[in-house]
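Going by the order they are written in, the chains are A, B, C and D; count residues from 1 in each one.
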Amino acid sequence: MDVHEYQAAEILGRYGVPVNPGRVAESPEEARAAAAEFGGTVAVKAQVHTGGRGKAGGIKLAHTPDEARDAAGAILGMDISGHTVNKVLVVKGAKIAHEFYLGVVLDRPNRQVLVMASAEGGVDIEEVARERPEKIVRRLGDPALGFQPYQAREIAFALGLPAGKVNGFAAIAQQLYDAYIEEDATLVEVNPLILTDEGDWIALDSKMSFDDNALDRHPETEAMRDLAEENLTELDARQSGISFVKLDGDIGCIVNGAGLAMATMDAVKLHGGEPANFLDVGGGASASQVAKAFSLVTADPHVRAILINIFGGITRGDVVAEGIRDALGEVQVSVPIVVRLSGTNAEEGKRILADAGLTAVDTMEAAAAEVVAAAHGKAA
Amino acid sequence: MSILVGNDTRLLVQGITGREGSFHTTQMVEYGTNVVAGVTPGKKGERVAGVPVFDTVEDAVAETGANTSIIYVPARFAPDAIYEAVDSGIGLVICITEGVPVNDMVPVYAYVKAHGARLIGPNCPGLITPGEAKVGIMPGFIHEPGKVGLVSRSGTLTYEVVDALTKAGLGQSSAVGIGGDPVIGTSFVDVLRLFQDDPDTEAIVMIGEIGGSDEEDAAAFIKEHVTKPVASFIAGQTAPPGKRMGHAGAIISGGSGTAADKVKALEAAGVRVAQSPSDVPRLLKEAIAAA
Amino acid sequence: MDVHEYQAAEILGRYGVPVNPGRVAESPEEARAAAAEFGGTVAVKAQVHTGGRGKAGGIKLAHTPDEARDAAGAILGMDISGHTVNKVLVVKGAKIAHEFYLGVVLDRPNRQVLVMASAEGGVDIEEVARERPEKIVRRLGDPALGFQPYQAREIAFALGLPAGKVNGFAAIAQQLYDAYIEEDATLVEVNPLILTDEGDWIALDSKMSFDDNALDRHPETEAMRDLAEENLTELDARQSGISFVKLDGDIGCIVNGAGLAMATMDAVKLHGGEPANFLDVGGGASASQVAKAFSLVTADPHVRAILINIFGGITRGDVVAEGIRDALGEVQVSVPIVVRLSGTNAEEGKRILADAGLTAVDTMEAAAAEVVAAAHGKAA
Amino acid sequence: MSILVGNDTRLLVQGITGREGSFHTTQMVEYGTNVVAGVTPGKKGERVAGVPVFDTVEDAVAETGANTSIIYVPARFAPDAIYEAVDSGIGLVICITEGVPVNDMVPVYAYVKAHGARLIGPNCPGLITPGEAKVGIMPGFIHEPGKVGLVSRSGTLTYEVVDALTKAGLGQSSAVGIGGDPVIGTSFVDVLRLFQDDPDTEAIVMIGEIGGSDEEDAAAFIKEHVTKPVASFIAGQTAPPGKRMGHAGAIISGGSGTAADKVKALEAAGVRVAQSPSDVPRLLKEAIAAA
């Protein structure tokens, strides 16, 4: 789960990170008031769960309260990579002497938590990683003991910080690491972390993402969820134990198993179609679960045909077939359905489907070819 | 036996009296797996599918000589179950449980490794040595004893490929589902090494998916160390970046972890990569013929 | 540092341990009021930093508020092993179905933290350990990861608890372990931990001791220090960086180094004397440090002679001699002083002492013999 | 070299610019110890007694090939300093610092051990191989090269005994102060094993004190594994129970850890235990003669 910049800053502030004082505004007038309160130059920043805000014009400097109001007026309602801006964050302007990058992520190959930093802050860190990897300093936290003070100092010295700035930086690195662990984050990032002209550290832009599997032990994080930023269909699916991701195509997919669901999407594509979604119905495939899957898929008006791909394992093919049959009694589906059923009790399942007026094919490839043809209005 | 499990396996089921645990215990016993014990705290003296239940792993190991454990407990209890298994001397722990927070798994991974044990999973279907031992939730009947070692991050997609292999006359030495989470106990490389060293395995199938770089690491390992023919399939060619595809670990982030990169790395290592799961048997036969 | 039972209970209560509700009383009337508030039977318990309260009559049951008042009247002011009772704890009576012992300590040989429990609670656990060691169940916490839930359950099952009581016990064991680690304790003990007739767990008597070296990070624990329970001379010494322990003899000892200080005490005893104290002046031996040592030792009216035993190491003998000379200018010492000086610059040091009217001997044994003779009013 | 330190030692001083660190660095350099580097964060480029100072242990090791580290930092920084040394590849770490909380040392001890390094201390005077390397705070001049290995929990008491040995014509191979805390990195048994295996050591002196059971463990080890003559002294015959005698670890608790028990165990193992430190040389000579 992602949160907004202002929420990430709020969390990191609790860990002692020197975040920039800011105020959230949902209207130009609120932005003006916030700017007036801070005085001097402020930045007005779009609060959306996506990057590239700067390039999209979602971050503006304002030297007066009126400018802040106008900036907020321009930004609020803006669409940034498909995200509508509903809130802006108004923060005090800071005199930047130097920009750094500081982030904490999982290092999958090492199965450890990684602290990474760069003296090239304020830019796309992935670009730095790709093009000037030597500019990034990395240290792995010990899996049991965590990140040690000396590691934070090593990073600070490797960035070339002067002696007087080392402890301040090291403290912030430790705070980000602590926040990552204690909040069950999957990403904690400050970019840029700046040194001001006065020599103070300020976390100018904060970002955090969280492990969905750990949200039940962080209700205060869950409460930060911004439904306006969420795909409600995906959330709805999740609550039914279904993994669902909306895509741009027109062929709906209902599959048991995540890997098989991806492979099914790939097969659709291979046969000239475009998948409308990723959907894993999960372990069982009861009538209500399948009905839910149908309603998720058909909620998308672009869907022109549905491919159901089931490999009967522990969940038997006949049970799945019954689920499909019964679900079709519950949900109205008006587009062609192609079913592929294989594995345990597939033959019996096919008979059940046949009784329900559906023909099941044997292979994924045949099913993919058929569903693409059906979507395009012709027989395979 | 082929790799990891077989006739020597003496299996313990942690969480044996739960819905999943009891169902799969029955399935495993029916398959012929030597399930010697189960553990559910407070349920000592009960039996599931004829298997005696103990309060603690320590007791179960002492009484039955269990050497392998499979875990079906809920996510929030899974790390504790793994520690209990390792501390009780279990050398191979298979964690089926899905949804374990990553921050819990980081210390677990290091702990298991430091104690010389092996963890498979979490969020995995388990593993099977056809005809000897099924230690997991896969449908046993689609497997056939043979010479192909299979390793996969997925569940049903693996069954799909196994089914195709069996139908093509390619039986399996062992099939290992390593799991779909970002932090898993056993990687592709670990299993490839075992298959390479296993005299019962003559060819290898590897089923990958988007996210992380385990497939790339596997490609590097194959290039360097694997002399047996390898065929592969990578799921998620059409997956969009930044979205989790069901598995917690199946996500393209920051432009890395794409299927295209993985396919490229594998092909550069001489692996034949199929465009669809059903094409795997044909490519594997080609690879075997070319070897 | 030790704390009282009621303070330990307060800390453990914060960790979720089901401690018995209680109220501290410093007068019989307060005890009466507390008993009236609780209603029914109460226990009135002496609050002193020593064991054996029960045998000494420091714990009494009272069935009415008046009885509680009388019990408190009897206990307050009582002397238990040299500790005067200034406070009593009045707690609700509990119907004990079974008593357990549960404690957390450092296991020195393993360098790990040990959780130990016994179904033979309410008695001296050291006696159980000695005579029926098989009655004690032990589990070591992992040095980095801590105590795992399964270990707590293993202890519970090994104690023979019924399935329904296992989780409750395990939670308490975990709470004691957490308190031990987070509070930097050296001992956490609940004895007895009881199961009531109603099947509830109650920690009936709590005990905690703390690592003096970690108190600076636990000001709230330091604030629990009861000066009435402390040897003020020892505390005073500690603040000057001197380790001091009061003993019962008549020969004061001033030594540099803890091991040598113990050896010096042993030498005094070997030569027929009784040491009045253990005293390690620490690394340096400035005039002010030595003066402080003199004042600590001479504060005890039983002291009849003083042995100063210095092995000059990095701290030179001449510097120590100067410290002794100057200290004698600051503090009035009216008992005989025997100095032993050896090691670095000992000869120069002896000259300095000779100028100050003190004769230094070469060996610890000679010094011990001489000081014992001096204390007994005769030449060695 | 005898044990642990000697002419091959390339010493790093952590906390070199502090009062203690700089003083003892000078002393060690004057003794002839090969002090190659110091570390104080932010003090890179300075020199102490001619020794170059670095910001991190990593840098110091890379530049100077330091293989041993001695720590003089304040107690609250000591665990971090030990982790830094071990993680930078230092194989032998001597922690002089007194007052480190026990709960901090418990994970440190396990970490050092798991990483194959050796820690001596904390709260110890360090160790010396006379004529080769002094790595600690002991006065060097009282030592004489020779064949007696000495191990002790104490500081000045050790100097007392060393002085007596030297005056009695008994030089030392190495003298090791293991420290007076409840949790220390290296125990009597560890050092006894090294002395037993060291061809330069012909006899052993062990100086113990009240508290814990390391002396009893040592006695059991001596009985089983030590063939060289051993003499001992145990301080604290007159120490009362329940009171800490200066050292955090010197406390008789629950009736265990008494000097009498330790003396008894050592005598039962054939060790000659002196009644006073000055008597140690005589007993050791007896032991050597009887061997």
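Rule of thumb we're sticking to: a contact is a pair of C-beta atoms (placed from the backbone, for glycine too) under 8 Å apart; a residue touches a chain by one contact, two chains touch by 3 or more.
Small disclaimer: the values here were computed from a predicted structure and weren't measured.
K.L.:
What is the distance, in whole Å, between the centres of chain A and chain C, each centre taken as the mean of its C-alpha atoms?
P.N.:
56
K.L.:
Where the centres are mean C-alpha positions, what is the separation of chain C from chain D, in Å?
P.N.:
From the centre of chain C to the centre of chain D is 27 Å.
K.L.:
Specify, in ascending order, the residues of chain B that touch 2 or more different other chains.
P.N.:
107, 111, in rising order.
K.L.:
What residues in chain C touch two or more of the other chains?
P.N.:
Residue numbers touching two or more other chains: 142, 144-145.
K.L.:
If every chain is a node and each touching pair gets an edge, what shape is that graph: line, ring, star, complete or other?
P.N.:
If you draw each chain as a dot and join those that touch, the picture is no line, ring, star or complete graph.
K.L.:
Please give all chain pairs that are in touch with each other.
P.N.:
According to the stated criterion, the contacting chain pairs are A-B, A-C, A-D, B-C, C-D.
K.L.:
Which residues of chain A touch chain B once you look at their complex with the stated criterion?
P.N.:
Touch list, chain A to chain B: 106, 108-109, 111-113, 126, 129-130, 142-144, 181, 184, 186, 211-214, 217, 243, 245, 247, 255-263, 265-270, 275, 278, 280, 311-314, 342-344, 363-365.
K.L.:
Please output the residues of chain C touching chain A within their complex, sorted ascending.
P.N.:
142, 144-145
K.L.:
Which chain A residues qualify as touching chain D in the complex?
P.N.:
Residues in contact with chain D: 142, 144-145, 148-150, 153-154, 157, 163-164, 166-167.
K.L.:
Under the stated contact criterion, what part of chain D meets chain C in this complex?
P.N.:
So the residues of chain D in touch with chain C come to 23-24, 27, 75, 99-107, 109-111, 137-139, 141-142, 152-160, 163, 180, 182-183, 207, 209-210, 212-214, 217, 233, 235-240, 243-250, 254-255, 259, 275-278.
K.L.:
Quick check: in the complex, which residue numbers of chain B touch chain C?
P.N.:
Those in contact with chain C are residues 41-44, 55-59, 77, 80-81, 83-84, 87, 107, 111.
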